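Attaching a single structure in structure tokens format; questions to follow.
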Amino acid sequence: MKRIGEVGWVEKDIPSIGPMDALLKPLAIAPCTSDVHTVWEGAIGERHDLILGHEAIGVVEKVGSMVKTIKPGDRVIVPAITPDWGTDAAQRGFSSQTGTPLGGWKYSNEKDGSMAEYFTCNEADFNLAILPDDISPADACMLVDMWSTGFMGAENASIPLGGSVAVLGIGAVGLSAILGAKLQGAARIFAVGTRPVSIIVSKEYGATDIISYKDGDTSEQIVEATGGEGVDAVIIAGGGPDILIDAIKSARAGSIISNINYFGQGDTLPIPRVEWGFGMADKDIHTGLCPGGRTRMERLADIVTYKKGDPSKLITHKFNGLENIEEALFLMKDKPKDLIKPVVIIDD
Amino acid sequence: MKRIGEVGWVEKDIPSIGPMDALLKPLAIAPCTSDVHTVWEGAIGERHDLILGHEAIGVVEKVGSMVKTIKPGDRVIVPAITPDWGTDAAQRGFSSQTGTPLGGWKYSNEKDGSMAEYFTCNEADFNLAILPDDISPADACMLVDMWSTGFMGAENASIPLGGSVAVLGIGAVGLSAILGAKLQGAARIFAVGTRPVSIIVSKEYGATDIISYKDGDTSEQIVEATGGEGVDAVIIAGGGPDILIDAIKSARAGSIISNINYFGQGDTLPIPRVEWGFGMADKDIHTGLCPGGRTRMERLADIVTYKKGDPSKLITHKFNGLENIEEALFLMKDKPKDLIKPVVIIDD
Amino acid sequence: MKRIGEVGWVEKDIPSIGPMDALLKPLAIAPCTSDVHTVWEGAIGERHDLILGHEAIGVVEKVGSMVKTIKPGDRVIVPAITPDWGTDAAQRGFSSQTGTPLGGWKYSNEKDGSMAEYFTCNEADFNLAILPDDISPADACMLVDMWSTGFMGAENASIPLGGSVAVLGIGAVGLSAILGAKLQGAARIFAVGTRPVSIIVSKEYGATDIISYKDGDTSEQIVEATGGEGVDAVIIAGGGPDILIDAIKSARAGSIISNINYFGQGDTLPIPRVEWGFGMADKDIHTGLCPGGRTRMERLADIVTYKKGDPSKLITHKFNGLENIEEALFLMKDKPKDLIKPVVIIDD
Amino acid sequence: MKRIGEVGWVEKDIPSIGPMDALLKPLAIAPCTSDVHTVWEGAIGERHDLILGHEAIGVVEKVGSMVKTIKPGDRVIVPAITPDWGTDAAQRGFSSQTGTPLGGWKYSNEKDGSMAEYFTCNEADFNLAILPDDISPADACMLVDMWSTGFMGAENASIPLGGSVAVLGIGAVGLSAILGAKLQGAARIFAVGTRPVSIIVSKEYGATDIISYKDGDTSEQIVEATGGEGVDAVIIAGGGPDILIDAIKSARAGSIISNINYFGQGDTLPIPRVEWGFGMADKDIHTGLCPGGRTRMERLADIVTYKKGDPSKLITHKFNGLENIEEALFLMKDKPKDLIKPVVIIDD
């Protein structure tokens, strides 16, 4: 990213590292819709010559003097969110909010990202997880943000075992939320979206009902399908400023609306007063930022290793070589019909 | 209530009761702001000859054939919310939402209220609690809605032990939320309001900082007082449609906004996008309707009996005799400066 | 059950019902290990001419005058546990403990069970769930106790997404706990047991590692397989008085031991002091009794309908006709090698 | 501590510190019963020339090169438990169990304690809290272990607002648990103990009923006083190996037993089978080790600053000068009748 609206290659020195950090080379990289927000929507404000990218698997080149459990040559999963684990927010239980709000998000925000020959990771012992042999770098790339964010959407939704869930949006994060909902015990899962390639994966991940805006108001369809009640939980995984209206209309009295959507527009986001029960209908709204850190990554990897979920289903496009990252990024920007998620493989 | 905007006395038959119900005579009654909303703002829609009132202590006149533990002559606490305990919403853990959204609220909503010579209670065994001898009917009137709602505001806020809380609004419910916050372990408690009579009680109930809009933007004052961070929890106990903006601005990343406010106006309620961290700052919004039922009332009574809180502090005006209920109701409507809560004592 | 140690047929009148009850005829019945405990171990004390059975699907013959949503002819799922939903314990959130400890358990305990031509259900509107057309009575029989208990074992274990779980015992309840663990997000699931027929189902239900006592101390095997750490959660689904020792040894510091085992012997049950961290290692012990009621049954049925789990895998033996219930019961008592669970089908 | 059973002064070099550590001089020190366990009961095994002490307030002498927010001259609260905040156990939410079970406990366990001219603290930025001016070092000494442990006992007990609690043992930790129970919303609080000096403080901290073994079996007294039900929560704050029996007998079906007792004796600890409902009565057993770290200390300090609790009530004996630490330690060992907690003030 050269500036808002313009991307291109930038020549920089190999970054230096502190005593707890690691220097990494990428094995696989995935561009994220957030990168698109950053460049073309100016989501995090102006940046000059910022290296993009926060979804990567890497190999360790060098480690700082205090790093104990990670060593050069290790192939590692690099979470999108790399908290400062000792800080107040982490001690309070909000490790993604360390330092400042959303402060756990450093790559292509506070510092250069992973779309580079070299990139770094803070608190390497506590943020990097060893990549198991049975998971490819490309597949593992789906864990660091997509799965971690989507699964968080389901975890924050406190889904009762056998409960009903609606997932609004079936991009890569929404699909991950569907799988997350299944892994949290949902029985009936409504997937709201229309892209055929996503609909196929949504069913493989556990969706039971596909809802399309082409058949009318989506929240009305969900309410009708649940006997006028609405669902136990709604996960917002896409949509514009008004999506909270759909979400709250789709939810029953006594439910949770769990947001994993990045809201990029609007001064304010509207809650529908009457359907929210005048503020008294027990329709809670939960939010969060993708959980990061080593333990999270290890647990997500275990889901793959022990065959409770398959991340490869999210990958629709594969590129080979760092030089193709720009093409992958534009793919993410243009979103052709057959796209869920592209990955650039540098070395697997 | 004769119709929207008009109150007066209505002559009705003594209500009949079902096998699980009780017929009651009031010992003490308190008018509620909700009654004002109902009559003068048409909050729940048009009603004809509806008897108002949902805050009452009564004496049992008669019970249905299946009632086992409550008997004529018992002096009882009558919760504002009287759930149907077997229904789906109660089994799901949302007893205030039984039947329909907010369906646990029956008095002066689905049926006649308690501002009458006689009134009834459904599922008497499970909704009525015996009034302990050491609590006066007037004091106990503060438990059935004010304390139960205000305390819920604190319970839903998941306050960390030693955490900071801001309570927006210091009417009777806001004051109860302050006491609730203290009983849930809050250390620093900001009370946002200006009425002198309420400020005194807020301090007695545990508030440590009084914030007035006269000194500038209230959320900015709270953020500044907390070193730029904001508080661990915000309880909304009053305010117009825009109060969510203040609440979210006052809350730190990683916090809970707990609403106990009835939102009476506006098609939608605005959430401030940036301060909400674009939907990712872990600022959750919790809601609910006053918990009812026998066990809740028994526990609130125990708080009085075992001297962990004093409900009499909320009562600023006492009337004697049912005939003065209209005066008390107009007091609630006009809100003179020295008012927190009036009670009408019929027999103590 | 004629008395402890003796079973046989008893002639009784058709039971009478109260205004909220239903009279039922069984469609399918399953004997339970608890029935064996009751008869041959005297687990609940002496009983005379008590009709056994608490796992049944039925058809409604008659309903009481106050029953609204269930009517004669309805095919219904009858939970093993049928709480009194208004009572204090249910209001406190412990619906299986209504009235007395374990008081939600009425069949073949407080009253006659379902191994009869007719049996009754209290609070029919709130305890009976309509049997969906796509579930057979035999399959549905697996939900009322086995699945509900086993799943509770997993729910009470607060399994982190991607976490590791050990299930001690792989009878029908243990297998259900394995499926429950998968539905709660476990990645690696250790199944401790040796019966070949159960091992097959345990893998189909999500187990990844089979642990046998024949290969050495089972807790040592689990600790070793997890790098010396132990698992995030242990579910006890069988075993004698000493099983808590195995459980606590298998669990890491910071974990939950979730018990669904009926402890039938021993004055006291031993906790190993050192491995429990002298009472300070954050190894919590959770317990509970099978959740009952209509909403629970509806949710379990949804898990079948929406293909998140298959209860038929538990059924190894099917009998036709009420007259074969004795044979099925003795099968349960003798536990041949190829048995998981027998069902007696009266009418499907 | 020279060896098990023998204490005395040891000459050592000033300890060296790492880049994240701080070197401290004590301002106030309190000996703990754990020190007594360590020396005279060999609780943590043999140790040679180990400096005792883990309850201290200090002044910073020197900090490591990476320490940012703590500087020489700062007066700081030093938690008894100083976790390694990045490690796996902390990321899992169990910061007191970092490294090994109970691994957050370093002072006078893994390394020298604070009963010395100099001592150190790991991860100084994240474990040390600035001592507010309005709290004396002696008072603050009560926070680092006694309050933090006792309050945890109440937090882990999930006390319902207005619920009933029994605290078994009224030493300094038990008294802190009583205050904690009040701050978590308990109404009725049973204090089980006999020492007159403790009984006075227990009442000031919120106890409503004093139970003495001299009046009969304590659990029977509690059950009787609660109408045959038992309490919502039991906090074990003292007692021998059999104390779990009392605790479980005192608890109602649907309750939590929260342990903060160090169990020093017995191979196994007995749970009473029948009163535990055969493992099915929803009587959960929670455990834990004193929470440490900077945020915890800051919150406890806020409780003092904002007058929600007074730690000075625990201090019955004050000494001046490090040389009197031995006398204070022996006081702790001998437990005279008028003792709750001694403090040695070096400099306030």
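Chains here go by letter, A, B, C and D, matching the order in which they are written, and residues are numbered from 1 within each.
Assume a residue touches a chain if its C-beta (ideal position, glycine included) is under 8 Å from a C-beta of that chain, and two chains touch if they have at least 3 such contacts.
All of these numbers come straight from a predicted model, not from anything done at the bench.
Among the remaining chains, those touching subunit B as well as subunit C are A, D.
Path length between subunit B and subunit D in the touching-chain graph (shortest route): 1. The copies subunit A and subunit D differ by a rotation of 180 degrees on their C-alpha atoms, rounded to the nearest 5. Note: centroid distance subunit A to subunit B, computed from Cα atoms, is 40 Å. Measuring from the averaged C-alpha position of subunit A to that of subunit C gives a distance of 38 Å. Among all residues of subunit C, those that touch two or more other chains are 92-93, 160.
Of all residues in subunit C, only 19, 66, 85-88, 90-93, 95, 123, 125-126, 293-296 touch subunit B in the complex they form. Note for the complex: subunit C touches subunit D at residues 43, 89, 92-94, 96-97, 100-103, 160, 232, 236, 241, 244-245, 253-254, 259-273, 276-289. Partner subunit A is touched in their complex by these residues of subunit C: 151, 155, 160-164, 180, 182-189, 206, 208, 298-303, 305-308.
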